[in-house]
Structures are given as C-alpha cells and as structure tokens.
Amino acid sequence: MSDERPISETEKGLALRTAEELRTAALSAAESVPVSLHPPTLFDVQEMELNFGPQHPSTHGVLRLVVRVDGEKIIETKPDIGYLHRGTEKLFETETYPMGIPHTDRLDYVAAATNNHAYCLTVEKLLGVEIPRRAQLVRVILDELQRLSSHLVWLGTSGIDLGAVTPFWYAFREREQILDFFEEYCGARLTLNCMRIGGLPFDLTAGWIERLTEFIDDLPSRIDDYEQLLTENRIWKKRTVDVGVISGEECIEWGVTGPVLRASGVEWDLRRAQPYECYDELDFAIPTRVNGDTYDRYVVRVQEMRQSARIIKQCLDLLEPGEVRGKVPRVIKPLAEEVYASIESPKGELGFYCVSNGTNRPYRMHVRPPSFINLQALPRLAKGHLVSDLVALIGTIDIVLGEVDR
Amino acid sequence: MADDETTRRPDADAGAAPPAAAPAAGGPAHKPPPPKKVEATDASAHPWVAGIRAAFPDAVVSAKEFAKQVTVVVARERIAEVARHLKDREDFRYCVDVTAVDWRDRQPRFDVVYHFYSFSKNDRIRVKCAVGEADEVPSISEVFLAANWSERETWDMFGIRFAGHPDLRRILTWDGFNGFPLRKDFPLEGIDTGAAVYPEEWPEGGGPSPDDPNAKVVS
Amino acid sequence: MALKKWLDKLTLLDLFDGLSVTGRHLFKKKVTIQYPEQKKLPSDRFRGMFRLDEERCIKCTLCAIECPINIIYIDWHNEKNAQGKSVKVLDRFDVDLKRCMFCQLCEEACPTNPKSIWLTTKTYEMAAYDRNESLYLDIRKLTDWRAAPNVKPFTVVEQG
Amino acid sequence: MKLTPAVLTYLKVLILVAVVPAIVGFVIVLAERRLMGFMQVRLGPNRVGPKGLLQGVADLVKLVTKEDITPAQAEKAVYFLAPVLAVIPSLTALAVIPFGPAVQIGKIKTPLWVAADVNIGLLFLLAITSIGVYGIILGGWASNNKYSLLGGLRSAAQLVSYEVPMGLALVSVLLMTRSLSMVEIVERQGRLGLWFVFPGLLAFFLYFVSGVAETNRNPFDLPEAESELVSGFNTEYSGVKFAFFFLGEYAAMIVISCVAVTVFFGGWLPPFPSVAALKFLGVIPPFGWFLIKTGFFLFCYIWFRSTFPRYRFDQLMALGWKWMIPIALANIVIVALAILATPGRSHGLFVLSYIFGGLFVLMYLLAKLRQRLTRRERLAAAPASASE
C-alpha cells in the first residue's frame, strides 16, 4: 500500500515531449525487452509455432494467437482476430437510429449498458438534446452496475486463467445479483437494451432502490473476500507482479486506455476528464498504480469496483422523482453532420463516430472499441514471457471478442 | 471544444475556406444559426487549424466546428505530416481512432477520418482527408503506433491503401476475402463465398451437391 | 519492515488466509438453484416469449417496421363484418423467434393500450428440438397464450 | 485352501488392485467434486443416485463407453503404454503401506494389513513412485500434440526436481527411526509416544509440498494446466486410456497421503498414544484411524485445489531448487544435531518438537496480529474507500 502515493502531473507521463521522442521511446522500450526475461536454457531448443486458440479455454472467446516459442519462451505473438465479425457497423447503416441500440448490446456483451449509453450519447450529441436529470442519474447507476459486473467477470475469469477457480464462483454470485437488478429494471440480464435516445425506456420499479442500496452496502465485504483470496497470496503475486510491464507513455503511444492505462500511472478517466451525464457532481477517486504490471491492473480494477459502489450510493441519494425520457421526436432525423462521443466503458474509451446525412438512418456509424485497440499491445506485453504468462496477459487486458471483432 | 459557447468565434472567418470536399463537411452554408438549433460553424480561425495552416500552408482544405468538435479537412498527401505536427506541436499524443466514410457517388470517393486526443488540452480534434478509390494514403502508423490496427481495419473494410504501413493485411475478414464490406455497394446480406450454407436457401439436409454449378470451394 | 515480511512469508499467512476463506464458504448456504425442481421466477419486466392479442391488434404493422432484424411478418386484408363495416383481418402474423433478440422494440412501438404484442410473459423455457417448427411462431401459437399455464396476460408494471 | 502367507499376499494384492480403483471412483472423485462445490457456494453433482452418490459409477460408465481415439500421427505403441505406466507404479506403491498393525492369526503373528512388509519399504516407495513420471512424459510425447509435449516436458522437469526434496525430507525421518521399514517407522512412533510430525515439522511441510507437486495437483498442476495447456499431457486421451491417467493421478494422491500418515502421523496409531487420558480414542480400530488421517490429507488436496492459483513453470523450479532442497538439507543437519547432541538419542526429538512447534505458533500469532493492525491502519488511512 506504500506505493499508492499521489502522482504528480509530470509523473503522469503527460509532460510535453515531441512525437519523435515518444515514438522512439515506446519502440525502444519494446525493443529493449529481451527476447527472454528468463536465463537461457542449457540446450538450444528449436523454435516451435504454437497455435493458441481460437478454441482455447483462456482466450476469452475466439481470439487466435500464433505464438512462436522457444521451449516455453515466447519470441513473437501474432494476434489473429475476426472470428466473431458480424458487420455491426454495416447493420447500423441500414437501420434507424433507435433500432441500432439492440445491436450495441452485442459489442461488448458483458457490458451492454455502457455500449447503449455511448450510442445514445452520440446520437443525443448529434441532435443536441439534453436528457432529464433522473435519466442521467439512472444511466450512471446502470453504467456503474455494469462496470461492477464486467469487472467481476474479469476477476473470475482471470483467476481461472491462473488456476484459482474459486474466485470465479464468488464473483459470479455477485454478478448474478447485479443481473437480477438489470432484469428487474429492463427485463433482460445480458443484452439489456436499457437506454433510449433521449433518456430511458422505463422508470425504476418500486423497491428497486432499496434492494440495490442493500446490495451495495454489502458489496465491499464481498470484495474483501476476493482480496483475501488473491491480493496477498504469494502465488498470485508471483504470477502477476512484473508480468507484462508497460509504462504510461507506451500505453498512450499504443492507444491503450482504461484500467491498463491507469495501472501504468496515468490518471486519465473519461468520467473525470470529460464528464458526461452527471459525473462531474459525483465524488469518486480514480485508482492509479505506478508499476503497470499485471498485479497493478488487478489492484486498479478491484479498487474501481469499490469506487463504483461509492458512485452508485451517491447517485441513489441524489435520485428524485421525475421524467426519464426527454423531448425527442418520434422519427429521429439529425442534421447532416458528424459527431464523436465516447464514454469510459469498463475496458477503456468506448467511442461512437456517427456521420449523418439528414435521413433517419446513420450514414456511417463507427465504433471505437477499447478491446480492439488494447489488444494491439498484447504482442508487446507478451514478448519475452512464458506461455503461462500469455494466459495472464490476455486476461489482464480484459478483452471481449464481441467488441474486438464487432 | 475547450472553448465553450461564449468564447467561440463563430464568424472570424479570415482565411479563404475552399469549398468542402465532403457533403457533410462544412454543411450547407446556413445563415447565423437560430438560437436553439445546433449548427456547424466555420473553424478556420481556430488556433489548431491556424497552427496546421502555418506549418503546411497548402494542407488545410476546410475546417468546421460542430457540437464543440473541431474537424479539419486536409490534403491527402499531407496527412502524415499533419499528424506529426499535431503530435509534436499541439500535444495530440493519443491517436483515438482511424476510420473511413464511403460517399459512394462523390469524387474522390472516401473520407479517411482520424481522431486525436490531447491530454494537456483535454480535447479531441478530427482530421479528415478525401481519398479516391485508386489513391494511397500516407500511413500514420509511423507517427502513432496505435494507428496500426485501425488502418488495417480501414483497408479491410473499405479497401483504402495506406502507403508505408508495415503490415497491411486484412484483419477482421480472412485473407483472400473478396470485397470490402463497409463500402456502400457491398450488399448487406453479404456475398456468397461458399463458406456457409444457409438453411433458407438449401433444402433440409441439402446444400450444394458436388456437381452444383453454384457450389464453391471454401476459401 | 523486512522482518515483518519474513514473518508473513515463513508462516504462510497469506496461504492460510486464503484457505480460511474457502473453508468458511464450505459451510455457507449455497446459492445455486436446482433447476428443473426449483425455478427462478422472472421479474415483471422480463422479456420472454411473444404473445399477441388478435382482437386488440389494429394491424398497423408498426411492430414489424420497428423490428431491427425484420422477423415479424404481417399480412392482412379487408373484410366486411356482421355490421357491414370494413375491418382488417389478419392473414398472417408470424414471428421468427429463432432470430429474435428480445429487444422489446416491437412492444414499444405498439400503439394500442394495453399492448397487443408483448414479451413480458415470464416465459423463458423456449428450448425445442426442431427450430423451424417450434421457434417459428405463427398466429395460432402467438395467440393461444390463454391455454399456456405459466404465461401472464399483459400487465402494467408498477413504477417506483 | 489354507491361508498360507503366500495366499494371503495374493488376496491382499487382489484387494489393493480391486478396492483402490473403486475407492478412487466412488469416494474421492465424488468427494472432490462435492467439496469443491461446497467451497464455491454451489452443490456439486447431486443428480446420479441419492445425493449424487453414484456419480462415480456414472463417470466410470461414461469413460468406458466413450470412443477411444488415437490420433493418426501418434506413436501408437507408446501412446498405448503411457497410461499403463502412469497407473501401475501408484498401485504398486500401495503394497508397502501398513494400513494396520500386525495381527495374531493362530500361532503366527502376521502383518495382515500390509501387502508386503519389506524392510526397505521407504526406499521401494521412492523408487517405484518415480517411475510414474514416465507415463506422463511418454503420453505427452506420443500424442504428437504441441500442448501435450509441453505438458510432458513440464512434468519431467517438475517430477524429477521434486523427487529430491521429498527424498531428503524422508531422510530426516530415517534419522529418527533408523529403519526403512514402514511398519517399524510406525511402531517406533508408538514406542516413543511421539508422532514424527512434531520433530519433523519442517520435513513434513517439505514432504507434503513435494508430494502435491509430485501428483501434479494444484497449485503445482502445471503439466495439466487446463487454462494454459488445455489439459497438457492428456489432451489427446479419451475413454479408458484417459480413465487410466485419471486413476493414476488419484492413486498417487492416495499413496502420498498414506505415506504422510505412516511416516509423520503415526500410521494406525491414535493421537498421543502415550497420554493416558486419551486412551478412549482406542475405540476406533487402527485401520479407522488410518482412514481418518488419510482422508484429512486428501481433503487438504481438495482444499488446496479450490484455493490456490497455479505456479508458473520457472517459479516452480526455482521454488524446488532454491528453497526446498536447501531447507531440506538444513533440516537433516538440524535433526541430526538434535539426535546426537542429547543423551538417549530420543530426548532430542522432544526438544526439537517444542522448538519447532513453539516457534511456529509464536510466529503465526505475531504475523496474524500484525495483519490485524495493518488492516485497521489501512482502513483508517483510506476514508475514500467505500469499505467502511
């Protein structure tokens, strides 16, 4: 805990430096990682090409990695993606604006609410509409619940990747409860379709707030349980500390966002940097760590879960009766303009770039998926580690292939 | 973007803004905007745009601002230099995204769209360039490592070549796929690559027989 | 500091801590549901199997228009009823459930009150052996919800 | 037929070969799945038979009736031989385990509860269990699968390096008993009135950790490592051959637990055999005590599996060579000194017990206290955290 000190502006790696310096720094950092972080073996083993996935239990979907290994040491990793490509961006173009929302559920399918939110926010920005305050607060609550559930899935699965099977069950126990809240609110557990352009489809049901308050009050003790299983565990530390170290500057150069960036010491969170909805009124901390290894990413995510619980509590206190759906025309025909809006999804910056041509369908709707961009850094992270670490690293950047392949 | 409504210069249009290359870019030349409606304004005098113009006098084609987002249309040949300028001089260090828009009937046909983010300004800039079907765009993956996959995706989906890209292969579709799915002339229901057999089209237990002229080898 | 670290290390404190968590959970109440015997009651808003009320339906086809994946097929014709008035009669009202993503946009689009097509039937057991037969709902299957035991008629959910 | 010692031995072998697989199938597999389920706030398999008791049978039927696939490029003969090699040594090793004391039948006193009371029991055990690794290596190699090969390689390195600390840990016990016979080891513990776990606390710890590593169980289950190597050496195996690997692994677990009980926990003896107040514990027959103790260690296996993450390959080797072996050597020296430095050659063992036990308890309490204090500090220092 001693290294959780406040980070100054310069340490954030945000000091002005030239592009050339940054790029060379990032590239040389990537180069300077020795091919082997481990001492050479006695025998000169021939290289072998290992096909990792797409049907591999810890690639979190259908990621395929072509890994060149020397014994177990990774020399090169080549991600091969696209097994789950469904042409979502093409689908958006053929449908009216409201009809696009269910498709966003299927991008990052463990965090559907944040996808809905980013999509609606983009279209609202294009239309220039404000949504009612109650809708804003409920959206924030849904976002943070979704962040909790996404991080819980991450915690469980990355635990299993490293051989700790039990945290998975505990994490999923809590996640099921969160999904129950979603089910009660919008009728679905996973593919929520829980936001509409201009607000929300429904108001909260009676008793939802009380039950959620009870759950959120109980949550920190549950998180303590996971932490007791993992945080201090020597095997967990051995598997994660100094595995896949990446600096904040490198993260920025690779376009990596989200908890990975924050674990590398850059205190950048869109909820704070460019507050949307009512995040600017809320009091929450942005957990950061400085080492940028797998363990720090774990700590940052666990701390983020605690902060999410805090945000939800504040929102529940602020909640007042009122409208949940703003004044939006039934047929949405924005100006022939273009707009980009992004939110902090559990994985990083999730953005939608929408080009309208004045009709009721988007002319072009592009998704800026955090998983896709973050996955780019995997070969850099995996270089020089062992096959076992590759599993930890895939887990730690927290990809969802539905979002990578779209 | 960093400036809010009041500090914006809506009609400080000093430079000769050439006509927008894109139908969306610039928007129709409206009169002073009505109070409530959000309209695009010309942003040629925006400091970032002015900075680009100062560095590369022939690069900026047009600039506009909509919903507090600055869009600069630059010449295709200059895009890598502009990106480097933005990163070096303006501190846009984080390349958010690279994508493209297909304006089917326009010449040149495509817009390649870049988003950059500056941590110190806490703001984004959108840079666009118009690209014809046969043109090559200078790759910015030399400037931003992050643009590597995004450019590959743009090549995969639109067939826009990026000159100087280290590894310009298809990324979401498979190698050897024929066609560029996000072009407007690519059918929504896809093309028959022979890779899948749909039950609606083939009888139960059927599928193309070996001597069927429609049968194709899975690529 | 170093001494304390060694103390923790040598006594395997972290490992015992972990063991105590699992050991504690050994005796905790189990949270799983034994499915075929016990069933989870879905919430009031749960989006499940489709139902249609043919009498309420005004054949406006808004649901088919709003469906993002076009799985609702409606045909109708005009007919004179007993009073000699021209009324619309459904020829076909099919929902291709095997492609449905249960987004509820059709229910939202329905202009009648109460809704003529709704998903809040609390039905989630839709597994079938033949997808073309069982998961393709024609008007007969859509409307015989009164006979189905666990299907609720349309209700307005209380809002808090 | 007369119950000559030879016939008796045949009978005992028959029981060991027939009964142990049954125990594995019925009890341990079910217990593992149920207990892991309980620890993971779920019920585990409870459908086959009353309370899921027949799950083992169902598993067996499934494995036997499953199609037995041999990969086309596999080395057929070795591929077939590997599961056999994996299971035979584990079952053989059970021959020297004394499950109970010698019994008076007629005039002769016969070691009824041990199949072969050889005077080099411990040596035999170490020798025979290390053959088990061949099954895994050959299976991994013969499958012609890169993941299996990696699993086999890991297994080779792991099993070879953990044989050493295991052997060294047992050597320190040999110093205490001055005999290699398993029966004699237990009887000496009875005569001393002291289980060897107390003077050999360190040795026991080393032995059990190496034992877990030897049997490829969590946290040392690297050769299998579902999430990394997709079951490693047995990826390509199915049906009966897989069942043999399965059986081999669980039989090895039983052997390790049995040896731990015999060598460190007084075998069939009740706790504290010398304390008069605990004489009533004798109501449970010796074999009962043996089962209870073995069951406890098997439970520990399951407990570890559901709690710990998995080590990495190089860390595992580092642990073995940099920590376990030096500590084991030091432990031998300590035990030898304790025996030599005190008169009577057994008094030192008691002294050692007090030192080890006292030190460990004291240190644990201190560490626990420190943890409590720092946790309170952490909570006090972090008002921003929502955990208050």
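Points worth noting:
Order of writing sets the chain letters: A, B, C and D. Residues in each chain are counted from 1.
The rule is short, and it goes like this: a residue touches a chain if its C-beta (ideal position, glycine included) is under 8 Å from a C-beta of that chain, and two chains touch if they have at least 3 such contacts.
As the structure is a computational prediction, the values presented were derived from the model and not from experiment.
Compare each chain's C-alpha centroid with the centroid of every protein C-alpha atom shown, and the nearest one belongs to A. Interface comparison, A-C versus A-B: the higher count of C-beta contacts falls to A-B. Across the assembly, the mean Cα position most removed from that of chain A is the one of D. Rounded to whole angstrom units, the spacing between the C-alpha centres of chain A and chain C is 27. Per-chain Cα centroids separate chain A from chain B by 24 Å. In whole angstrom, the spacing between the mean C-alpha positions of chain A and chain D is 42. Chain B and chain C have Cα centroids lying 39 Å from one another.
Each of the following residues of chain D touches two or more other chains: 39-42, 306-308. Residues of chain C in contact with at least two other chains: 8, 13, 15, 17-18, 21-22, 25, 31. Annotation for chain A: residues 91, 166, 170, 173, 229-230, 233 touch two or more other chains.
Arrangement of the chains shown, judged by which pairs touch: an irregular graph that fits none of the line, ring, star or complete shapes.
Touching chain pairs in this entry, ordered by label, are A-B, A-C, A-D, C-D. Against chain C, in their complex, chain D makes its touches with residues 35, 37-43, 46, 303-304, 306-308, 360, 363-364, 366-368, 370-371. For chain C in complex with chain A, the residues that touch the partner chain are 8-9, 13-15, 17-18, 20-22, 25, 31, 42-47, 66-68, 101-105, 108, 119-120, 157-160.
Contact residues on chain A toward chain B in their complex (touch as defined above): 14, 16, 18-20, 22-23, 26-27, 81-82, 85, 87, 89-91, 93-94, 125-128, 252-256, 266, 268, 273-274, 335-340, 342, 349, 351, 353, 355-357, 363-364, 366, 368, 372-373, 375-376, 405-406. By the touch criterion stated above, chain C contacts chain D in their complex at residues 4, 7-8, 10-11, 13, 15-19, 21-23, 25-32, 34. Residues 1, 38, 48, 50-51, 56-58, 71-72, 159-166, 168-170, 173, 219-221, 223-224, 229-230, 233, 235-236, 238-239, 285, 303, 306-307, 309-310, 313, 386-391 of chain A touch chain D in their complex.
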